Amino acid sequence: MSIASKAAGVEFRNVSRRYGNTTAVDDVSFTIEAGNLVTLLGPSGCGKTTTLRMIAGLEMASSGTILIGGKDVTRLPATDRNVTMVFQSYALFPHMTVADNVAYGLVVSGVRKRDAAAKATEGLELVGLGGYGQRLPSELSGGQQQRVAVARALVLEPEVLLFDEPLSNLDAKLRRKMRDDIRELQQKLGLTSVYVTHDQEEALAVSDRIIVMNKSVIAQTGTPDELYRRPKNRFVADFIGGANLIDGELVGRSGGTATVALGRLTLSVPDPGLPAGEVLLAIRPNAIRLRTGSADSAGDGIPVTVRKATYLGSHMEYGLTSEFGDLFVVDPNVASPVPAGATALATFTGDGIAAVAR
Amino acid sequence: MKSAANWIKSAGFGLGALAAGAVFAVTPAPAKAQGTLTVLCGVQEEWCKAIAVAFEKKSGIAVAMSRKSAGEALAQIRAEAANPKTDVWWGGPGDPHLQAAEEGLTLAYESPQYKELQPWAQSQYKQSQGRSIGIYAGALGFTYNTELLGKRKIQAPKCWADLLRPEFKDEIQVANPNASGTAYTALATLVQIFGEEKAFDYLKKLNENVNQYTKSGSAPAAAVARSETLVGIIFMHDGINQKINGFPVDVSAPCEGTGYEIGSVSIIKGSKNLDAAKAFYEFSLSPEGQATGAETKQFQMPSNRKAAVPPEAPNLEEIRLIDYNFQKYGTAEERKRLLSRWDAEIKSVAR
Amino acid sequence: MRPRSAIWLALGWVGFALLPWFAGSGTQPALAPPSPGPAGSALIDGLTNGRWWLLPIALPLLLALAVTALPGLRARRPAVLLASGAFGLAWITVQGFAIGLDGWASGWLGALFGPLALGQGGFGAGAALTALSFLFLMTNGFAGLGFMKGDRFTAGAIGLVLAAIAAFVFLPVGYVLSGAGDTGSGGFSAAALGARLAAPDIWRLSCLTEAKSCGVVWNSVFLAVMTGIATTLLGLAFALVAVRTGFRAKKLLRVLTVLPIITPPFVISLAVILLFGRNGTVTLAMSDWFGLPASRWIYGLPGVLLTQTLAFTPISFLVMIGVVQGIGPSLEEAAQTLRASRWITFRTVTWPLMRPGVANAFLISFIESLADFGNPLILGGNFEVLSTKIYFAVVGAQNDPGRAAALGIILLCLCLGAFWVQRQWLGKKSYATVGGKGDNGIPSQLPRGIKIAAYATALPWAAFTFVLYGLILFGGFTENWGRNNSLTLRHYLAAFDLSWGPGGLIWSGRAWGSLFTTIEVAALSAPLTAAVGLLTAYLLVRQSFKGRGAFEFLTMLSFAIPGTVIGISYILAFNQPPIELTGTITILIICFVFRNMPVSIRAGVAAMSQIDRSLDECSLTLGAGSVQTIRRVILPLLRPAIVASLVYSFVRAITSISAVIFLVSPKYELATAYIVGRVEQGDFGLAIAYSSALIVLMSVVIALIQFAVGERRIGRRAATPVTLQEKPV
C-alpha cells in the first residue's frame, strides 16, 4: 500500500456566493489543471477563502456550477466530496493521538482499523514524523503539527488538496522551509492543490499558477512570472511585488512592446493592449538605479532628491522625491550608497516596468 | 463514497438514539399494572397509607394513593373531567364532594351498607343525589397550647366570643378559606350561627387577633403544637392527633355551637376500574375499613354505626352541633360569593 | 442510495400499518368499537372501525414510497418528500385536534360537517412514529433541495427541536393564554380576560394610602427587587473575597455554590423556621438571654426575603466570580503604572468593568425570586406573591383556573420583561477582557476598606449558611426539633423502613414510592435533556441558517416561564387528545426536559464556542458526516458540558417543585411534592429527614457522573470550566 494521487481538475463556472446583501464571491470562473498547485492570492476579505471553502463543500455556491474531475459537485456536501483541506489552525483533534488524527478520515470512511493505522504510519513517515504517532498534538511543535495536518489530508488520496493559509502561524524561517516541503511533496505525488495565502512572496514561490482576487472578483490569473511582469491592472501591479505607480502616456506600440512617455523620457514596456493616451506606469522598486553625477547626462534618467536611505546589508532602500511623486527604490549597490539629502539621477532598467490602465 | 452499512451505522447512533427518545417521550408509558386503583386521599397521609394497605391485603387490588388537599383534589378531578385518571376520591370535607357532585364529576352509586350509616352520613348521600356518602365526621373547634396558656396565665377559649379577647392578640391561626375546606366550613358555620352581617363583623374583629391565615386546614394544629401560636381553629380530631403525639395541647368545642365536616367518599365518573372503585367504596364504609382511622391515631367519628368509636374521639353528642346547611353552603355560587366577600373585607385589610 | 429517507419512510409505514395508533387502545370506554386485535393500527382501525379520517395518512406515505422506489422520479424526490412530509404532518395534527374523545372537538366543526358518531383517543406509539417519520421526510426533502448546506442531519435536527418546542412549550402556553379568557362555559371572551388581568387585588396600591395590603404584583416585584439587591451585594462580596484576597478556604466557597443546586427549594425555609420561628432555637435563646419577646416576624416578607437571599446568593456568586475573574489583571496593572492608587484603580477600572456582571446577577436573582414557589408557600404567612396566588387560584376553595391563567400571564410578562432586559444588558455591555493571549498579570489586591467590607459581609453569611445546612442534616435525627432534641432514627425509619414479608423485601417506608419515581424520572430526563440541549447548542453554534436568532429565542423561552405557569399549562394542554399525558410518568419527564433544556443549551453553547470551528470542518472534509463529526470530535471535547447538563438536569428534576406540583399523580408522586405535603401538615421530622437523604443522594450522584464521564484527554490544555447556571424554579 502506498499513498498515490487521484488528482483531478477543478472548474468554477460563474460561481457566486452571497450572504444576504453582501457578495463574497461574484461571478467567478476559472479552471485548475489536474496536478497543478494553484494559489488564491489576495488581501483579506477578497473572497479567496470563501472560494476555497466552496471547493471543499464547506460553503454552498449561491449560483453557478462547480466541477471536480469533470463531475458536478455544486450541491454535494463536504463529506461526500473527495477533497481534503489543511487548515490555518491545523485543526488537529486535541483528544486524539497523532496517529489517530491521521487515520481519522480513513476510519470514518469505513477502512479497516489495521489498514488505516498502517496507512497513517506511512503518511507520517512521508512528512518526516515517523515515530511520533502516539503523541498528542499538544506535545508537538507548531511545525510538526503542520506536518501532521498535511499527512492527515494526504492519506485520503484526495482529488484535490486544499491549503488555507497553512503557514501563517509559523515563524519566518520555518515558513520558508515548510513551503518548500509542501511544494516538493505536491510535485512528488502529483497532487492537485489549491493554496490560499495573502503573502505574495509565498504565492510566487510555490505556485504553478496564481489566481489574484480582489473585492470578490478575479483580478488576474497567470503564472507567477506573468503576473509579476505583465500585471493587467493597478491592483495586481501593486499587490504582487509592489510598484511605484506614476502617470505616463502611451505613445506607440510595435511588436509586443509599447512605448510610454514619462516626462522627457520614453520607456519600453510589454504591450498592455491599451489604447494610446494616459496610462499608469508600475515601476518595480528594483527597476530603478540611482546615479550620482552631473545633470548633463539627464537624458536617460530623472533628477531626484534622496529623502531617506536605509542600509539593509544585502541591499539599500531609498525614499526619493521627484517631479513625478515619491519613489521607493531597492538598490543592490551597497558599496557606494547615496546619502540622505543628496541629489541624484534615477535611471530605469529595461525590465520591471509595466503599463496599466489608470 | 461511503458504504451503505456505514451510513446506517452512523444514522443508528445519532438520529436513532434521538428518535427513540422522542418516540418514547410522546408515548405514554403503559400503566405499571392493569387494574391499579387510583385514589385521591383527603385525610392525613398516615391514614391514607393505612387504608390502602388494608384494602390491598383484603382484595388483592393494588392501590395508587396520593394525598391531596380538598382543593387540589377537586382541581385535579375537574381538570381530568374529559378523561379521568382517578377512580375514587376518598376523604376530605363533604363540601367539595358536593361541589363535584353538583358539577357531575362523580358517579351515583347505592351501597348495601347505606342503612348501617349514621344519619349525617346518609344526608350527604341524599344531598349529593347519591354521588357521595359520609365516612366520618369531624366537628370544628379550637386547639390551644396548654403550656403557653399556663405560662401566660390565660384562660383557654371555650366560645367563639373568647377568641376576640385582647390577650389573644396575634395569637390565633386559622386557614385561609380560599385555600382550605376547613376554613370555609368555619366561615359558613359563623354565618349560620350569627347571620352573615354579624359574622363578618366578628371576622373583622377576629382579624385583629389572627397572626396568619395558613394554607392548609390542619396547619394551625401543627403550629399550636410547636408553640408557634397559642390558639388554632381546626377540626378537633387534628388537635387530638397532636395531643396523642405528645404535644402540650388540648381541644375545646365552641359554646355557641359549631359546624362540622362530613368526610366523604365519591366514585369518579368515567372511572376505568369501576368494580375496584366500588369495592374500595364499600371497604371504606365497613367497620373494618373505618377502623384504620383509629389505628393511625385519627380520631374522627366513623360513619358506620357498627364501627368502634375510638375513646379519644370527640363525642359528637356532647358538642353543640348546629344544623349545618350543606345544601346551601355547598353550592358553587354561595361559596364564591362568601369567599369574595371574605377576600374583600377581611383579607385585604393589612395587618 | 438515500438510506436515511428510506429508513424513515419504512418507520412511517410501521407506525401507520403495524403499531397501535392510539395510546392505551381499548381501555377507554369512549373508544367504541375498540380497535381489533393487538394491531389496532391506523390502517386497520380506519378500514374496519369507521375511523375513515385516518386513511388519508396513507396518501403521503404512498407518494414518498413512489419517489423513493422508482428511479425515474429521482429528480423530483426532494420536492415530493418535502410536500408529502408536510402534508402528512399537517393531516395528523389537524385530525388529532379536530376529533376528540366524543366526536368533533368543537361545536362549529359538527355544524359544518355534520355529526360524527365516533371519537378517538390520544396519540399512541403508531401516531408518534408516523409523525416523526413525516417530520424527517420533510426535513430530508428540505436538505435535498439544498437548504442547510444540503445537510440532512442538520435539517432533521432543526425540525425535531422546533417540533418538540412547538408541542411542549408553545401548545401549553397557548392553552394558558386562551384559558385566561375562559368564560366558565368553555367560550373565550376578551372582556373576561380584561377583567381578570385588571383585578384590583393584583394591582391595587392601597398599602401606600390606607391600611390595606397592596396588590400581589407589587408584593412580588418588591420582594424580587429586595432579593436581587441583597443577593447581588453578597455575591459580589463573595467573589471579591474568593478572587482578590488571600482568603484560604476557597474550596469551602465552591461547596457553597453547589449547595443551592442540590437543595430542594423549600428546605431552607424549614431550617429557618427551626432557627427563627417563634419556638426556634435562636428565638428562644434571645428570649432567655436578652428578654426579647418571641415573635412571628419570620412569617411574611422578612422570612421569604431571608430564605430567598440564602438560596440565590450562590448563583449570584457564580455570575460575579466569572466577571471578577474575567477582568484582566494587566488592565489594573496598567492603571497602576499610570500612577493610580489601589482605590482609584478599583473605582475607575475594576468597578466599571464589573458593572455588567452586577446587573446580570441582579436580574437573575430578580427572575429567580419572582418564580420562586416553595419558600413563599412555607414562610409567606399572609404575604402573598404571584406564584403562590396562582397555586391557590387553582387548588383553593374558589378554584378558578381562568384567574390562575391570568395571573400566570402577568408573571410570565414580568419574567420575560426581566429576561429581555438582561439579554439587552448582556448583548450591549459585555466587556470581555479575556483574549486569546495569556494575561500574565497578578490580580491586584483590594483597597483596604473594600476588603474589610467584603470579609465582613461574606464570612458571617457563609457561616450562617453552613449552620443552616448542618441543622438540616442534624434535625432529621432529633425526636422533635425544639421540644425534644434527643437523638432518634424514628423519622428515617418512617421514611425509609424496610421489612421482610413472605414475598421477600417490602419497602415499607413512606418515602420509597416517591423516591423511586423521583429517581426514575430524573434518570430518564437527564440524558434526554442533555441530548436535546447539546443538539440545539450544536445547531446554534455550528450551523448558520435563516432565522437562527429567532430559533435561539424560542429555545430560551421556557427558561423565562415560571414553573407554576408551566405546571398549569401542562395540565390544561395534555389532559385530552391528541396529546394525552396527564397521570403518566411521561408528562413529568417531558416537563423536566423542556424546563431544564435551556441550561443544557447554555452549557453546550459556551463549551462549543471554545472548540475551534475548523475542527468540525476538517472532520467534514475528511469524509465524516455530521453525525460522525459530532460523535467522534465534538462530543469527546464537550465532556465538561455534558457533565454539567447531566448533573444539572438530574438534580433539578429531583429538586423542582413548582412545575410538578400539578403534574404528580397517585401513581407518580415526586419527592418534593410529598415533602411539601408533609411540611404543610407540620410533620417536620419526616420532611427534614427526607430532604437530607435527597441532598446526600444528589451529592453522590454528582460525584458518580463526574467520575463516569471523566476528563477530556487533551494533554497540556486545561479542561474548560463550565459553570452551572441556575434558572427560575
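We just call them A, B and C in the order they show up, numbering each chain from 1.
In the analysis below, a contact is a pair of C-beta atoms (placed from the backbone, for glycine too) under 8 Å apart; a residue touches a chain by one contact, two chains touch by 3 or more.
Because the structure is a prediction, the values reported are computed rather than measured.
The interface with the greater count of contacting C-beta pairs, when B-C is set against A-C, is B-C. The greatest centre-to-centre gap from chain C, using C-alpha centroids, is found for A. Measuring from the averaged C-alpha position of chain A to that of chain B gives a distance of 85 Å.
If you average the Cα atoms of chain B and of chain C, the two centres end up 31 Å apart. Between the CA-based centres of chain A and chain C the separation comes to 53 Å, rounded to the whole angstrom. Each of residues 79, 109 in chain A touches at least two other chains. Shown for chain C are the residues in touch with two or more other chains, namely 623, 625, 628.
Shown for chain B are the residues that touch two or more other chains, namely 1-2.
Every residue of chain B that touches chain C in the complex is listed here, in rising order: 1-2, 4, 7-8, 10-11, 13-15, 17-19, 21-32, 36, 38-40, 44-46, 49, 64-67, 69-72, 74-76, 78-80, 82-83, 85-86, 96, 170, 176-181, 183-184, 211-213, 215-216, 218-219, 221-223, 225-229, 242, 246-247, 270, 272, 335-336, 339-340, 343, 347-351. Partner chain A is touched in their complex by these residues of chain C: 146, 149-151, 612, 614-615, 617-626, 628, 632-633, 636-637, 712-717. Here chain A touches chain C in the complex through residues 53, 56-60, 75-79, 81, 83-85, 87-89, 91, 93-95, 104-105, 108-109, 136-139, 152-153, 156, 162, going by the rule given at the top. Residue ranges of chain C in contact with chain B, taken from their complex: 3-4, 7, 23-24, 27-29, 100-101, 122-125, 128-129, 132, 136, 153, 156-157, 160, 164, 167, 201, 204, 206-207, 211-213, 277-279, 296, 299, 377, 381-382, 388, 392, 394-399, 401, 480, 482-483, 510, 527-528, 531-532, 535, 571-572, 575-577, 579-586, 589-590, 593, 623, 625, 627-628, 630-631, 662, 664-667, 669, 677-678, 680-684.
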